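Chain naming follows the written order as A, B, C, D, E and F, and within any one chain the residues start at number 1.
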Amino acid sequence: MALLILIGLPFAAVLLLMIARRAGRRVHMLIAGACSAAGLAVLLSQAEPSLSGRTPMIRIPWMPTAGVDISLWLDPLALLFAGLILGIGLLVIVYADGYLGKDEPTARFLSYLMLFQGAMLGIALSGNVVLMLIFWEMTSLASFLLIGFWRTRVEARRGARMALTITGGGGLALVGGLVLLAKVAGSYDLATILSRGGLVQASPLYPVILILILLGAFTKSAQIPFHAWLPRAMAAPTPVSAYLHSATMVKAGVFLLARLWPVLAGTDWWFLTVAPVGLATMIFGAGVALFRHDLKAILAYSTVSQLGLMVMLLGFGTGAAVAAALFHLLNHAAFKAALFMHAGIIEHETGTRDIRRLGRLATIMPLTATLGVLAAAAMAGVPPLGGFISKEMMLEASVRTGSLLVPALATIAATLSAAYALRYAVVLHIGRAPIGRVMGTAPHDPPARLLAPPAILATIALALGLAPMTLAGPLVEAATATATGGARLGLHLALWHGIGPALILSLSAVAAAILLLWRQEALAPLAARLPSFDARRLFDGAMTATVQGARRLSHLIHVASLQRSLAVLFLVALVLGGEAAGRFGFAAGPRATTPASPVAIMVWMLLVVATLAVVAVERHRYLALVFMGVIGLVMALAFLHLSAPDLALTQIAVEVVTILLMLLALHLLPGRPPRLSSLPRRVRDGAIAAAGGIGAGWLAWAVMTRPAREGIARFHWANSHALGGGANVVNVTLVDFRGFDTLGEISVLAIAGLTIFALLEPAAGGIAGRRLREWRSADRFSPDRHPMMFAVATRLLLPLALLVALHLFLRGHDQPGGGFVAALVVSIAILLQYLASGFDWTDARRRIGEHGLIGLGLAIALATGLGALAFGAPFLTSSVGHVHLPLIGAVELTSAMLFDLGVACVVLGSVTMALAQLAHVAQRAARPDGEDPR
Amino acid sequence: MSPAADTVVGLLVLIGAGFVLVGSWGLVRLPSVMERLHAPTKATTLGVGALLLASMIDGRTRYGNWTAHELLVTLFLFVTAPVAANMIAKVHLHRTRTVAGGEADGIAGPPPRPDDEGDWATFAEPRRNCPGTPPDP
Amino acid sequence: MSLELLVASAIAVLVAAGLYLALRGRTFQLVLGLTLVSYAVNLFLFATGRLVVERPPLWAKGVTDHADPLPQALVLTAIVISFAMTALTVILSLRGFLEIGSDQVDGLAEPGEGA
Amino acid sequence: MIALALPLALGCVGVAMLLTLWRLVRGPSLADRIVALDTMVVDAIALIVLIGMTSGTDSGFEAALLLAMVGFVGTVAYCKFILRGDIVE
Amino acid sequence: MRRLMPHPGLSALLLIVWLLLANGITAGSVGLGAVFALVLPKVTQPFWPDRPRLRIGRAWLGYIAIVLFDILVANIQVARLVLFRRNRDLRTRWLVVPVDLDTPEAITVLAGTISLTPGTVSSDLSADSRSLLVHALDVTDEAAEVARIKSRYEARLKRMFA
Amino acid sequence: MTAADQLMIAPIVLPAITASATLLMRRRLRTARAVSLGGCVAMLAAAIGLFAMAQDGSIRGYALGAWPAPFGIVLMLDRLATTMLLLTEVLASVVLAHAAVTGADRRGWHFHALFHFQLMGLNGAFLTGDLFNLFVFFEVMLIASYGLMLHGQGASRLRAGLAYVVVNIVGSALFLIALGLLYGLTGTLNMADLAVRVAALGPAEQGLLRVAGLLLMTVFALKAAVAPLHLWLPRTYAATMPVIAALFAIMTKVGVYAMIRTVPLIFGAGAGAAAWVPGPYLLPAAILGAVLGFVGVLAARGLREQAAFAVLASTGTLLMPVSLWREATLAAALYYLVQAVLAGAALFLIVDATMRRRGSYADAIVPSPRFVGQDAAGLLYLAGGLAAVGLPPLAGFVGKVLILDVSYAVAGWPSIWTTILGTTLLGVIGFARSGSTLFWKAAPSGTAAVEGPRRSLADFVAPIVLLALLAWLTLAAGWVTAQTRAAAAQIMAPDRYVAAILGAGR
């Protein structure tokens, strides 16, 4: 429970801060501070059980199927890290209160900071790798927000993005590594994983796991070559630098290596990847730090170097080295956080961070100077500070590796470290440079809010040297034991270890550093001439290239071209069909074919010629449409010949409506457009088209020549009359067996009608309306709008057509016909009135609106279907009944006919809506003022 | 089926199909649009008519039921075919005057004017209140 | 020459012509192409019930030899749906033309026209 | 007689349709093509009647009726388009 | 009666058509046909304003008979023309037929009749609806042909449309 | 039939009724809105009821018209279907509320009718057990989506709309060909019956069967926007009103659903040449889709385009585990699917809220002068980006970890892992770049200020609700994964499905 409170507090603070974002700065500080302090208190209350081996833990089932729980534990390693996070967090909040300007949005700042704190605590406390990954990624995110806090500054945005990209990318590698680790170890539970080192290291995937995890750790801890984000992150407000980029977040990688030490360390792979990277980073960072002039840059590169040190120690793979790393973790946290705060104070007071423009601060800001010198000395590894002890431990561990190169390089790194630390301490406080440009007032020691936190940290750095065993001994010892998964080492932390190689190396490093510092300015040009490795520019270049590449690729592929989409679709279908044909083949089947009569062949020729003619006159649209009429006619004949009279009827009626529709649209399209595609393009399209045609034809041939299988249609045939109440099996299928399809089908028609209405209704406005009004045909037209013979014939045809429609509707259940065709006939008859007598004349005489018809039709169909529910039958269950009418006698009525009536209403409504709307638009084009004739 | 009926139906079928064929043949061989327009009339009237008659007799003699609904096909054709012919002729007239270069006149040449001042409806705005003009809204 | 061959080759011709027209880049040709393809597809769907000449699926006592009614019902539904789609496409093309002033499917300016 | 006449008649109508198609493809004028299309509808009706007689079914009647009734709509609309550009006004 | 059945001619036509559609005369088909024959003219009334009065009777039957006979004869004549006459020997002419009919319906029937008989096609109507432009495939005496049309068809139509 | 059984028809009939009703009150928008929202809530209630019904693990059939399967059309209710229904209804309710709040439904005709027809199509597709009926409901769904996609109109929308419509029409033609082939081979349309009959096909039919299977999968892949059949998607979704694109977040997933529904059932191990038919192609296509999607996220110049690519990427990611066709991978895929739909929708709604505030800057990824609610929109965008990319604490991360977990050691897993992790990085970079440009960077001085600031924050509510659902999906991952696992188990046991649907008939 305590652990839940512990982890919940920062997030609670985030929530409170968001709620109280309009409250004052005091309130914000109070919320953040109180939560951090409370967290620290909770943590301390759990310290004793943790250290004495009764690890506090909690486990809440989360995803049992995947074996992932929400489990938290507070072993000594976690305790150490959590202490760091909360302790320094509290100090940073106090410091931030002093640091942030009056107008800064403290709520936003602190909520990001607390989000970060919670995420870091999560990493420390996670007892499950998935949970750890979640928190890990959240730290990257919080860091992104914090670095980008001053968001209008370009450096802040770039720094934030770079940090996110590198640490986020590493985090993703870590996701891969940890999940892979869990899969290999057989559990997501961290404790279980840690106990299965042998299993993991024996796996062939071990190197992969190791490298992925190291990518995560190295990016987070800014190891070469992933270090570049850290200096750039200095664009963040200084409290952020102090907290994230010195004391806590960057240590997450170190923590991770320590955490996974039992399962990953101890192999050659481990030693040969971790230690060299750490060592190289240590030297490189220190070297760069020595020649930087921006205080924060110096500190940033020093952090890079110090992180390298810790990583190197963990890479050595010995318990003592781990102990050294963990002890240095504490030391570094204390002095580096202090130094960042110190640098912040100086900038705050003097307005500059350029070391070349600063000096003699000891006299102007004595308190600040004291703590600065103290912290820098700790960084330099000068006795009696904690840094001295850990550095000696480091050198000791490097000597113990047995190699000569390692201690030699470590000493060089220590020398460089000492040099830049001393430079920081000496040049800044005692150096002769004039004070930098002062912002209005004379610089002086800042108020306590700013001064106290670094002072406390510097004191701790000193105390860690003076009384290491009391302050840190048990913690480091216990943490080392958990990290190494072994027994406690019997650690002895002290300033005086007796004279040994480590002491000699350590002292000579300090001495060499003083020498180096003496000649620093002389060396600077020399250093500048060294082949420089500007990771930042490399990164920027890579990012630009990535984005440009992505743009180019994306734009290359995603051209807004319908033709391309279609061609790809055709090709995919062709390739897949070809694959199946190639692999399994499909020849003609054994079914006897039906001999074709001469007339069938002639009609076929009609179709082929007309189709080819459409292609040939493709750009002469009107002609193409005439040939389309022939194709439609042949289709109807074919259906009729092939025993599908209903299809023939429908085809004829639909064809007429389609022709009308196209002619209406054609009217407003330009006459004879130029050809668009080049000859090669036409050849390519022709090839695709031919292949598609052959494929489709072949498939049809293969199916038709195979014997039909006894299918479900037999049931339809057998029951159509007896149960469906109709002899036209197709119609009974449509309105009864598969009435549900028809319901969907009329919905499609209804939606098409509505969409067409929605499309055309606003067409008179805007640019389309202007085009409509400006539209003039190039052709000369006959003045005879309504030829008399035509008008008279259509008037006679209307009642006749209605009668035929009624006939088709009423007997459709038994003979070819049905609601759909009937409605189309009515539609055509009404459209004929439009054609013959004009839009206004006809529109004024229509009684029922299309919307009403569509709605009514759907309602009838639905109500018919729902009627069955009242009898406990499923939707659309039909009933057959006989009604005796006077004069007429017994009439068979099926509820399916009512359904068919609904179908007819929707069809009529939709078709007339589509065509009348279209005609309406053209009407508006004809009126100079674009007025609506309705 | 009686031999007589068989013969009658067979003859009717041949006559009908023959007129259909002659109609299309005329369509192919006649020299210009207006002449060709005469051709389908045969197919429409006697061609289809004879076939329908054959079908009626055939149904009666072979299956024993009188079906007269074939007549309806002819009825509808009689209503619609003249309208179609009229419209096509109007298209021809229109295009002989409006299309650049002109669509060729037939043997009969350009149509004469109806009277001294008037013109055909294809070329002139129909006069108000004449029979057949729909009232303007 | 069998009916099956005629139908299969008709499907082939319709599909080929349809695909070619659909790739022409102008809305009207596109609509024509889609219409041809939908004819072919209807014919194909119909053909999967196998070809039966002059025995429509109108039930009568004792009759067992008949065309498969199910594909016919499916084709009817497909015809209606493809009609709806055609209507929508036609009107969408027109609407796009009115808005953009070009009948190219991708709304580009005509070649040779000023920008 | 019928047995002999029907195939012959079917052949005649088939040839008629091909001849009509020839005019349709050939043109030369738009009116020619429309005449041909109109004729083709009539030919189709004849074909339907003949098919009905051959098969002995009555199921083609509705199709013939429908063609006779609405077949001219296409013709008229094509004509109206040439005459007026706008078929509904 | 007039309100119930505003257009007896149309109603009769509809009833006949219905019976033909139903393909049989039963109580059911007659009953339903009667209902439709009464309802449909009412429903479609707005679409056919100023319907003409017809004199239903023998005049109509006679007219139909004459036209059918003319069609038969003309078909044979034109078939001969198509099959055997060389194009350059065709005596194709435009005829202008003056029209004395008043209602559009009557004019339409006249024009339709001319078109249905092979050899003549009603091609256009004058803008004042007083002349009919007829295209004749083969005429020797234009005036006689016009006179034949007027006497054989128009005169009868005048009587049929009261 | 009990009332509970009749509930199965509700998801299809309710929207149809609502659509018809709104049609009749098309000139009274307020009433239509109320009816529409009411219909949506009723549907949500029905979906919850059906979800509860499916909890007993049984598969229910509903024989429409009382015609027994396989002869009539049958609806079927299982865990997968109810999950999709519930997801759809939740999404629809949120989106509809957002549309009403922002007045998007006033921007054209028939918004509510089209919206409910769209739901009818979706629900029908999820419930039907008949292949042709699936086609029909696909068409209902698509044509309604055309209407919605074109809602509001404008030149780019009309052009993109044409492309969208045409590509889908061609897809439908392919669907019919595949369907025809299957019918020609088996003589049936009922999916359960197809499963039985496909397994019984002889060696001579294998080639055709495979063509049918592959073509069917091509169609589903087209609807799902699987690369390289995805070319229509970015343009379409980017041109659509964002609130409608939010609803469309589920559309591509219908294609995925159709694959999940048909493959184990019809093209399972017993399907001969068509066994597991998207076969070797689905995984590479999914990888390509994920890569191109996240590349697009990085390359996008507008927010809507970016969100569209995010949807594309999510489909690619989702299909990777699907392509492995195992119970565990399907379970993970379903979890990912649920969150991907909500995440995609959330992103589009956030884009909508942002666009509405940026005036003429609309969704262009360029700095603009400060606008009202910029910080809140920025935070939401951050959350939306996290959700879309799959970073904690939202459910995308859990989904991705689950996918990694289940795909481990299955053939091809290294490519899956590499793609998931690599593309996530691309997404992170993309969203970080666009977000910092949009919400952090200040417009160059002299740029005109954003006009017409809006005060109301109501349009933030819907995205927040979706984000909260995503957070809940993380917290309740245990329950949700148990659900998806159970659903996957049902899917991978097609025999039970066949027995449940055809049981009485055989």
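In this section, a contact is a pair of C-beta atoms (placed from the backbone, for glycine too) under 8 Å apart; a residue touches a chain by one contact, two chains touch by 3 or more.
In this text, all values refer to a predicted model and were calculated from it rather than measured experimentally.
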item: Shared interface partners, meaning chains that touch chain C and chain D; value: A
item: Fewest touching-chain hops separating chain C from chain E; value: 2
item: Chain located farthest away, centre of chain A as origin (C-alpha); value: E
item: Chain nearest the overall Cα centroid; value: F
item: Distance from the mean Cα position of chain E to that of chain A, given in whole angstrom; value: 75
item: Chain centre separation (chain A, chain F; CA means) in Å; value: 16
item: Distance between the centres, which are taken as Cα means, of chain F and chain C, whole angstrom; value: 28
item: Gap in Å, rounded to a whole number, between the CA centres of chain B and chain A; value: 69
item: Chain A, residues touching no fewer than two other chains; value: 560-562, 566, 570, 601, 625, 641, 645, 666, 696, 699, 703-704, 708, 711-713, 716, 737-738, 741, 745, 748, 751-752, 755, 759, 767, 779, 782, 784-785, 787-793, 796-797, 800, 804, 815-816, 838
item: Sequence positions of chain C contacting 2 or more other chains; value: 22, 27, 30, 42, 44, 47-50, 53-56, 58, 70, 74, 77, 81, 84-85, 88, 92-93, 95, 99, 105-106
item: Chain D: positions in contact with at least two other chains; value: 10, 13, 15, 17, 30, 34, 51, 59, 65, 69, 71, 76, 80, 82-83
item: Each pair of chains that touches, named by its two labels; value: A-B, A-C, A-D, A-E, A-F, B-D, B-E, C-D, C-F
item: Touching residues on chain F, where the partner in the complex is chain C; value: 132, 136, 139, 143, 146, 150, 153-156, 158-159, 161-163, 165-166, 169-170, 172-173, 176-177, 179-181, 183-184, 189
item: Interfacial residue positions of chain A with respect to chain B in the complex; value: 779-780, 782-793, 796-797, 800, 837-838, 840-841, 844, 933
item: Chain D contact footprint on chain B (complex, rising order); value: 3, 6-7, 9-11, 13-14, 16-18, 20-21, 23-25, 27-28, 33, 36-37, 39-40, 43-44, 47-48, 51-52, 54-55, 58-59, 62-63, 67, 69-70, 72-77, 80-81, 83-85, 87-92, 94-95, 103-104, 122
item: Residues of chain B that touch chain A when the two form their complex; value: 76, 79-80, 82-83, 86-87, 90, 94, 98, 121-126, 131-135, 137
item: Complex interface listing, chain C residues touching chain D; value: 53-56, 58
